[in-house]
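Next up: the structures, one after another.
Next come two complexes built around chain A: one with chain B, the other with chain C.
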Partner chain A sequence: MTAPSTIDIVTAGGRRGGRRIPASVSFRRQLIPWLFLVPGLVLAIVFKFVPMFDGIRMSFLKVQPFLGDEFVGWDNYATVLGDKRFIESIGNTVTIAVFQTVGAVVVAFLLALLMEGSARWLRWTRTAVFLPVVTALAIIGEVWRILLFPSEAGFANRVIGFFGIPPQDFLSDPNQAIWWVVVVGIWTAAPYNMIILLAGLVGIDRTLYEASAMDGVSTWQRLRHIVIPSMRSSFAVVLTLAAIRALRVFTEVYVLTGGGPAGSTEVWMTRTFSLGFDQYKLGVASAASVILLVVTLVLTIGVQWITRRKGNN
Partner chain B sequence: MATSARRKAAAGLLAAGMLFSVVACSPAPQDDANAPLEVWARVSGGAAAAYERIFAEYTAQTGVEIDFTAVPELDTQIQALAQQKKLPDVWINDAGSLGNYVAQGFLLPVDPANIDGAENIPQSTWDENLGIDGEIYGVPFSRQAVVTFVRKDWRENLGYDVPKTWDELHELAVAFAEEDPDGNGKDDTYGMIVPGSAQSGYIYRWMNPYILQAGGDALTNNDDGTFSVAFDSAEVREAAEWVQQQFCTEGAIVPGSIGMTTADSSFFETGEAGIYATGIYNLNTFDNAVGAENVEIIPMPEGPAGSTSWAEGEDIYFGAASDRMAEKEQLASFLISETAQRIGMEAGVDVDGAITQAVVRIPVNQNVDAVAVTGDERYQVAVDAYADAVPFPWSINFLPYRQIIADGLNAMMSSCGSDIDAGITQIASDLQAQLETDGIAG
Partner chain C sequence: MSTTTESLSTKRLTTRQGRRRNAKVVEGRFDSAMGWTPGFNATNIVRVILVILALLIFAVPFLIILSSAFDGAASSMAVKLWPSEPSLENLREAERLGVFGYLLNSFVIVGGGLLLQIVIAVLSSYALARHRFRGLGIVMALFLLTMMLPEEIIAIPLAQTIGDVAGTGLNLRGTPFGVILPVAVWGFSIFVMTEFMRDLPPEIEEAARLDGLGELRMLWSIILPMCKPVLGVVTIFGFMMIWDQYLLPLIAANSPDDYTLTVALRVLRAVPGSGSGVILFGALLALIPSLIIYLLMQKSLIRGIAAGATKG
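And then the complex of A and B:
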């Protein structure tokens, strides 16, 4: 909430010394930040909240706009929770969420430690490392598919062939496909997390480093007792964002495997998409989305609560 | 104070401007009777050019403008538009979507008596468009059946005859993988191209001809509005075993096929694989990529029960969101005319210089001879294949059934040790459950 203070500075010129501020001016001063927020709010309402509430409404309907929607109560929710492929997809979603989140945060932390500083080459490297974030996921998926092409002539197979490992099926093998989805997810998400963690790293009080150097602590001790505790809030942000992103993972899976082979990479959102747009059960798909929303909300509040409690301790 | 007031006014204007622009962005109402008919087709790139030529001719002949949009993800877009109670006036899409559209109330019924030239379409073709309520929905526009494309030069280089049976097809596929058919000294070619992903039912759509050739099928139409599951049979098992043999013979199928959609499967064009069971509409693209003299279309190699193929088609659908029946009927009459069907068959060049796909595959108008129009004898194989081809049941919403089978087959083919019997039994029981959900179990 930095907006009010900015406004205070802007309007300070009109104050004429230390006189009392009339109520109308004070009201205006409260109004102006809201006006600045209007563009963002309008976009959020039109593109986020209206569809969200519409989704909640649709989750109680058998959606058929040309025959008249039918109210079906909790039936759509029962269908989702009774669908064995949805239940199977929960396992895959959680696997991807856990490993991708942990992997992306660990890799991001390592990258952040490597990339901290202001040297010119670091700026260049940081930009290069950040590239996956600004590249369209569909393109990333396509590039990885080419790298992981499962013939002997495929790039990845030639690389591992160099070390005497036999050609792998990668995304075509039901036993490994999900792990390659995780790898691509980590590769894509880590640089974004890195930026948040870098900001956290920069914010650490330098005098702590100097004091610890005087005490002769090792690098590991410095990491363990200064860096990581100081970055608690950054980690909380990154973990929350990464977990939410991983739970609603869709594009990577859709482009890399389409949920296959043998449903081994089917996740909550690919199943939802398939119900909505392959089978046209939009009510059921909406119910599935609402369940995901509730789960995400609970998780987010949970993570916030845990980190806040730890912070207070 | 004055500065502050101005600022506030500016902020207010800005905010109001933002709100106004959002409101102004909402789509215009569709029911403007003077606007040109809005027509969609599920095509992209080169094929869109073919439609544009057809509609340009329509405008030239009648003076009536058409607002045409090529929509690659047509079904998703139709579904999204329908949520706002809107639809295009007319759209052209798979005949297999008919039951689905009817179930959702998207279509206006068609009275063939009001379509000029309706008598040029065989009655059997009209009958394929019967909805479950006995009304005709959609005007047939194009028909086709899956045919087998083979790299003729590769086959001849290796001294193989045109394969006439499944066994010979398998031998040829293995030879393409192992005997260096392009003679470049590298082990970089494969046998068959298989879009094996379950997405959009691809693996089932590729495999269905083989199921039919083994004498199997998914459902039996009881002709009383109900269907029975036919999938759990020795015939389907035989087809599945043969297909699994292809997946599990190194090189017989392009590696990684189990995850591929048709969009990922351009190995014929790139000269990496030499056998592809697919639609005749790919002919122009293949000819352009590897040379017409190197592309042959062979009659489907025979399975245990014959060489039946799988039929598909495209229909002209009349959207239920707008009436304008006379205009829609006039357009449909033109689209099935000899002129339009001919234009739809011709290969053209799009704005990027790429060869376009034909949008009319086998013409529905019996006065149009595909071979004569194209001057290409290979079309005769496709015409013959269509004569001996079986479609999915179009009158019901077949999509959930197609997806159940595709998911099951994808799982079955993803590993060489999979239990085919258990897989087929599982698919059959899922199909039965779906029939019961839909209330059409016989």
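And then the complex of A and C:
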């Protein structure tokens, strides 16, 4: 990429020699990092930024292959926000995001409390419990779809039958499908959160436990007044990351239910996907994506801003 | 970015200190938040029962995959923890349906994508961490922005880009590059690497410079060998990120033949007469590479997550 000799001049002259750096040398020194950045920047521009601007442009167009695109102003946005199914899908997305995020953090905290420790059997269990994290979402979706098969002989129905609960339709029942999507989401995300929370637990100062024991504090009070306050930052990280990620949930829903039954699990991205790739309404689908992008950006920057301000105080 | 960097490094530090403390002391009632005590007592029995319950909840789906993959009688209605008719019937059926072709697609994509992703992370972070230049802040901001542009959000225009790269008429649809190139730049791996490289001591580098080492040699033989721990983190997270891709292979494919194995599981479902056994055999095949990587690189994975890593 660069001839070694030029760099020798740069470093020998610039750093140690104390001589004045000739303009051409300092230009080269400015150039070198850019040469290392070129591959990454080119790919980022072509596959991230160009599509982003294309998406924004298309969101103002009525995209018609062979006929020529037509500028329609804010029409696509009006269509998205006026589409009843879209509004419902945004509602579903928020439901899934909220319950899945909170559920996964609660379950993760219980798991972390349960499995904190350095004993070997605990380490083995943690390795096993952690499996969902390394498993591709599509696999998780397929296996849970089969486990939750809505017949009396389905695996989940046999398990609940053991406890005397009548067979359920699970993902085929419009009234409960979304909650099973949430359950599978919690199952997937909890082990990951558990690791972050375990790191938080391990970081708590042990002398606090000893001191509190002298004061005769119960386990519950210890959790309430020492553990949870000490882990506030871990919780914040886990919650915000998960909530932002959950807004663009796609794979799990697409595999588990495909948005059905009767649109009861339709989310932002599955709706956008079917608008764009099944109905070829590229302009409207782009508008939906741009709204999602803006929401994501606002949330991410908002969270950063809040954490930064807290960090300064 | 600087505050994130600080919080990450302090967090890593406390974790490490905590571990050391744990290693020294025999597990006692001040070593866990719940005050678990070892030995045969009531709370410990409750704990073991709860742990077994957790183990069942998180491990049973995997046992089901394993057992059904080799169960000739597995159907959606009857998946079992133990195969009722152990056979290799599902393997033969899966082979007939082209599952190994999908697996090959997955390998090509994950191999090429991961290699390119790591190369780009190394080159970019070397420039960002070990050089000072005008525009550094802007480049950082651009890479940060790529993290907020996941495939889902730009799916529709990205599908067009893959069919016609930046107006050059180059068509990547149906080729592995349609997936490999879009995953190559990943803000996460660039930032993790940059952060690590920034903390390397400058003395070795300066000495090497005095010896007349060029930039590429410097990166390859001085900096990279010191980056082994972070290369592990970047490798396993990159693998998981690419293996988990779903929407991208879906929109970059010309025909179902181009699908990766994870995407193809949905195709298998639609084949008439194919039972859950075949799908779960495919799932098992798609699971094995992840398991191998996980067991080999568990430490890197935990390190990455504890350092505040994100999965997406």
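Keep in mind that, in the parts below, the second predicted complex is superposed on the first by the 231 of 313 C-alpha atoms of A that agree within 3 Å, B and C clash if a C-alpha of one lies under 4 Å from a C-alpha of the other, contacts with A are read in each partner's own complex, and residues count from 1 in each chain.
Basically, a contact is a pair of C-beta atoms (placed from the backbone, for glycine too) under 8 Å apart; a residue touches a chain by one contact, two chains touch by 3 or more.
Note that the structure is a prediction, hence the values are computed from the model and not measured.
In the superposition on chain A, contact is made by A:Arg28 with chain B only, not with chain C. Look at A:Val46: by the touch rule set out above, it reaches both chain B and chain C. Comparing chain B with chain C, the partner in contact with more residues of chain A is C. When the two complexes are overlaid on their common chain A, residue A:Thr257 makes contact with chain B while staying clear of chain C. Residue contacts after overlaying the shared chain place A:Ala153 against chain B and chain C alike.
Using the contact criterion defined above for the overlaid structures, shared-chain residue A:Ser172 touches chain B, although it does not reach chain C. In the superposition on chain A, contact is made by A:Ala128 with chain C only, not with chain B.
Of the two partner chains, chain B and chain C are each touched by A:Phe277.
Legend: residue contacts after superposition of the two complexes on their common chain; A:Pro65 is shown touching chain B, with no touch to chain C. Shared contact residues on chain A (touching chain B in one structure, chain C in the other): 11, 32, 36, 39, 46, 149, 151, 153-154, 276-277, 282.
Chain B contributes residues 1, 3-4, 7-8, 11-12, 14-15, 18-19, 22, 75-76, 79, 82-85, 100, 104-106, 187-188, 190, 197-200, 254-259, 261, 264, 320-321, 399-400, 403, 407, 410-411, 414-415 to its touches with chain A in the complex.
For chain A in complex with chain B, the residues that touch the partner chain are 10-11, 13-14, 25, 28, 31-32, 35-36, 38-39, 42, 46, 63-67, 85, 145, 149-154, 169-174, 177, 256-264, 274, 276-280, 282. The touching residues of chain C, counted against chain A in their complex, run 3, 7, 11, 14-15, 17-19, 21-23, 27, 29-36, 38, 47, 50-51, 54-55, 57-59, 61-62, 64-65, 68, 76-80, 119-121, 123-124, 126-128, 131, 133-134, 136, 139, 142-143, 145-146, 148-150, 152-161, 165-166, 181-182, 184-185, 190, 206, 209-210, 212-217, 240, 243-244, 246-247, 251, 262-263, 265-266, 269, 276, 279-280, 283, 286-287, 290-291, 293-294, 298, 301-302, 305-306, 308, 310-312.
By the touch criterion stated above, chain A contacts chain C in their complex at residues 1-5, 7-8, 11-12, 15-16, 29-30, 32-34, 36-37, 39-41, 43-44, 46-52, 54-55, 58, 111, 113-119, 122, 125, 127-140, 142-144, 146-147, 149, 151, 153-155, 187, 191-192, 195-196, 199, 201-204, 206, 209-210, 213, 219, 222-223, 226-227, 233, 237, 241, 245, 248, 250-251, 254-255, 269, 272-273, 276-277, 282, 285-286, 289, 292-293, 296-297, 300, 307-308, 311.
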